[in-house]
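Order of writing sets the chain letters: A, B and C. Residues in each chain are counted from 1.
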Amino acid sequence: MGSEIWKWIKEIWRRVPKVAVIILLLLIVTAIFADFLALHDPEIGDPRQRLLPPVWEQEGKWTYPLGTDTMGRDVLSRMIYGSRVSLLVAFSAVIIAGCIGTFLGLMAGFFGGWVDQVIMRFTDAWLSIPTVMFGVLMAVIVGPGVWNIVIILGGTFWSRYARVVRGETLSMKTRDFVHLAKIAGCGKPRIIWKHILPNVFNSVITLSSLQIGIVIVVEASLTFLGVGVPPPKPAWGLMLSEGRGGLLAGYWWLVVFPGVGIGLLVFSFNVIGDWLRRYLDPFYRNIE
Amino acid sequence: MEKKEFDYLLQIRDLKMHFPVKAGIILDHVIGWVKALDGVDLTIKHRQVVGLVGESGSGKTTLAKVLLLLEKPTNGEVLFKGKDIHSLDVSELKAYRRTIQAVFQDPFASLSPRLRVKEIITEPLEVSSTLSKEELENKVGEAMHMVGLDTGLRRVYPHELSGGQRQRVAIARAISTESKIIILDEPTSALDVSVRLQIIHLLMDLQKTLELSYLLIGHDLAMVAYMSTDIAVMYLGKIVEFGETKELLKNTTHPYTQALIAASLPDHPRDKRERTVLSGEIASPLNVPPGCRFHPRCPGKKSICREQEPSLVPVGDNHWVACHLDGQKAASSSI
Amino acid sequence: MEKKTLLQVVGLTTYFFSFARTRIVKAVDNVSFEVNAGDRLALIGESGCGKSTVAASLLRVLPPSGETVSGKILFEGEDLLQKSNKEMTQIRGRKIAMILQDPMMSLDPVFTIGEQIGETLKQHTSLRGDSLIQRIKELLLAVQIPEPERRIKQWPHEMSGGMRQRIVGSIAISCEPKLLICDEATTNLDVTIQLQYLNLLKDLQRNTGVTLVFITHNLGIVAELCEYVIVMYAGKIVERAPVVDVFDSPAHPYTKALLDAAFGLQVLRKRRPIPGEPPNLANLPPGCSFNPRCVYADDRCRKEEPPEVTLAAARSAQCWYPIKA
C-alpha cells in the first residue's frame, strides 16, 4: 500500500511543472512553520535597529538577514509571517468563492428555465463590477480585518465559478451516464451530487488555481490602499505600502522583497493552474 | 412477484411524440412539428427479443426514451401491468424502474467517470431497494460474474477499462435489479469489431438464463436478425412491418424492408448482385409525406399510396404490414 | 492490359511518441504494399491496427506526436517522404485525395458548398469565374446531386448526411486525383444511403479511372466493393490476397476469426467471437502480436515473430502456420 502511494507520487512528480511546485511548497512550508523559522517577532520591532539594510550590504547584520523596516521590525520575519497571511487569505477567499459559485452554477445549469435565467443575469451583473473598486467600497463599509477581507474577496470572485460550472453542468446533463442515472431512478439531488459535481470538480480546481493569483494581487492591492489587512499584521501588501515612501531614499529592501514574494506566489499558482488546465483536460487524458 | 396475470410486459398503444418547432424572437409561435413518433403500436412479451430497425429519423431512439420515462409522449400510452407508465404512483414507479433497464451505444459515455465499477453496478439497487452493504457487495459479485468480468475489477474506474469491459459493466448494472426488460440501443456499434460478437453472445446467453425480454435497437439488420425473435421495421415514426424474424426475412412484404435487406452488404464477393438501390434521401420527420409516408421513395407505388395512410394488417402468421401493395415482392430482395 | 504501379510503399514505419519520447506506440511497423492504377484495394482491420495511420503517413498529415521513422512511399515513382511541405501541398487534393468518416468534420459550417468546392479548385487549377462555377456544377452532377445551381448556395447544415458525404466526395475528385483514399467513408451513413454511396464510388472509378483505397473494418464493404485485400493487425500487415481468396480460404487466423465473427443476412451460420481484447500498441506481446487471441498459437508463436510467407501469386500471410486452403 505504501509502495502504491510512492509510485503514484513519483508519477505525478514526473509530470508537474517542477519549479512552480517547488516554489509553492516552500512558501506553504514557510507559512505553516513560520513560528519556528522566523527569528524575530514580526509585529514588534526594535527602534534602535531601524532601517538596517540586508546582510550583504555594508552595515547589514546577520541577525537581520533581509534588513529592517522603519519601525525596526525584521523584514525576513515579516516576510515569513506574511506568507502565512497571504496564503491564508487567498485560500480562504477562493474556497468561499468556489463554494458559492459552484452551487449557483450547478443550480442554474441543472434546473434551467427561470432559475437559470435569474442566476445568470445576477452573475452577469456581478461580473461587470470592477473588483478593486468594489473591494474598497465594501471594506470601507464593513471595516478592516483579515476575515472581513476574506469574505469580501469571496463575495467578489464567485461569479466566474458560476459561469464555468453552469457550462460544464449543461454539457454533463446531456451525457448518457446522467440519462442512465435517471433511468435507474436517481432523484435530482443524487444526480447532482454523485454524477455532475464530481465531474465538474476538475474545472473548479483549475479555475481556483488560476484565480488565486488574482485574489492575491487584489488582496495586496486592497491592503496597499489601506483597506485590507490592517497593521501591524505582516501582510506583503502592507509592507509594500509602508515601504513605498522609503524607496526614493534608497531603502529598496523594504519594497523589493515583498514585491518579489507576491510575484513568485502568483507566478507559481499561475503556472500550476495552467498546467492543471491542460493536464486535466479529458482530451489529453485520452492520448496519454 | 408478478405472475403472468398479463400476457405482456409492455403494451404500447398509438404512441405519438410530436416536438413543436418554434420560430420568432420574442413571442415564439409554432411553425411545424417534428413527428418523431407518429402512432406506434407494439407489444413486448415475456422472453421476447424485439428487434427495432430503421434509419435516421425512424423514431426508434425516441421510442426507447419514452419507454424509459426520459420523454413524455404527446399522445397514446404505454401500459405496464395495466397502467400507463406516465401515471404510476411512487411505489409502482419504483417497481417499473426495477423492471426496465437500458444499455446504450457508447461505452465511454455510459459510465460515470468518477464512480468505481461497483458503485456503478449497484446504483439502481441502492436507489430502488433497501439492501445492506453486504448484500450489495454480493450482488456486485454476482452481476460481474454473470457478465464475465473479473471481480477484482470492482474498485476500478471506467477509464481504466477497455470498451468491451465497459459495456459489460453497463450490462451488469442493467441486470442487477433482476430486471425483466432491457432496452439495448445499438449495444455493439461503438465497440471494436472483434469484441462485438463476444458482447452479443453474452447478451443472448443472459437472455436465456435470466428469461429476459429485450428491445434491441439497431441499424444493422443482420445483427438484429441474429439476436431477435421478432423484428419491427420503423420508418418516419411508424412501424411499417412487424413479424417473427424468420418469417419476416422469408416473406418480406413491405418495400422498405425489402430495400433494407437489399442494402445489406454481401457475405461473400460472389454474392454481389445487381439490385434496386433505393433512390432519394431519407425523408425528415419534419416533413412527413401525405398518405403512405414511404411513397416518395417506393418503387411500386399506386395512386392510393399518395392519399391514404395504410394501417398494419396481418399478412401471415404473426406477420403484420402497413402497405397498400398487397404483398407484391420485388424479385431480387427476399431471402 | 499491363497494370501500372501507382503507389509502392516500402517498409513504412510510423511511431507515436509521448512523455518526452519515453513511450512509443508502434502504430505502423514495417508495412510494404503496392497499388496498381485502377485497383480497388481494401485496407481492413480494427481500430488501432494502423490503417488510418498508413493513410495519414502517406499524405504526411500525421499529428504532432507522430513521426514516420523509416520507409519509402513511392508515388508515381517519387518518394513522398523526401518531398518538401510545399511539394506535398501540390500533391494533396490534386494527385491524392482523401474522404474521411464524418462529413460534418470535413465541411466547414461557415462556408457555402460552392465556396468549399471552389476552394480546392482555386488552389490547384486556374479556373475562375464562370468556368469555375461550371466545373462545380459538373462535379455536383457527377456525385449525383440534383439541382446543382441551388446547392451551390446552400450551407452544409441544410443537407442530409448522405448528401454531405457526396459533397465531400465531389471535393475529393474535383482535381481528378489519381488515388482516392476513403477512410471509413460510409460508417456514419444510413444503410440505404451507404449502398448508394458505394455504387457512386464504383461509378466514379468507371468514369475517371481513379484508384481506390478503402479503409474499413466492415467485411461487407470489402465484399461489395473491393478486388484486393490487405489485412492489418497491431500495426503490421498479416495477410494480403485477392478478395475472393480472402473470403474462401483465409490464411491468417486473424482473418479467419474476423470472417467467423462477421454478420451477413445471406448466410445464417454459427458465428464465433474472437477471444480476448484488442492489442495495446504501447505494450505488444513478444512473438506474433496476435498470439494471445489465436486458437492455433503455440510456443513458437509466443516467442518469435513470424516472417511473411508467400502462399501463391499475390497472396501472402505473416504467420508460422498459415491455414491451408
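The rule is short, and it goes like this: a residue touches a chain if its C-beta (ideal position, glycine included) is under 8 Å from a C-beta of that chain, and two chains touch if they have at least 3 such contacts.
Source: prediction; values computed, not measured.
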Farthest chain from chain B by C-alpha centroid distance is chain A
The pair of chains with the most residue-pair contacts is B-C
Between chain A and chain C, the Cα-mean centres are separated in Å by 52
Rounded to the nearest Å, the gap between Cα centres of chain B and chain C is 32
In chain C, the residues touching two or more other chains are none
The answer for chain A against chain B in the complex is residues 175-177, 179-187, 190, 194-195, 198-199, 201, 285
Residue set of chain B touching chain A in the complex reads 68-70, 93-94, 97-98, 100-102, 104, 106, 109-115, 123-124, 127-128, 159, 170, 173
Seen from chain C, its contact residues with chain B in the complex are 46-48, 160-163, 190-196, 199, 217-218, 220-224, 243-244, 247-248, 257-258, 261-267, 271-275, 277-278, 293
The answer for chain B against chain C in the complex is residues 55-56, 162, 164-165, 192-198, 200-201, 219-223, 225-226, 249, 259-272, 277-278, 281-282, 284, 335
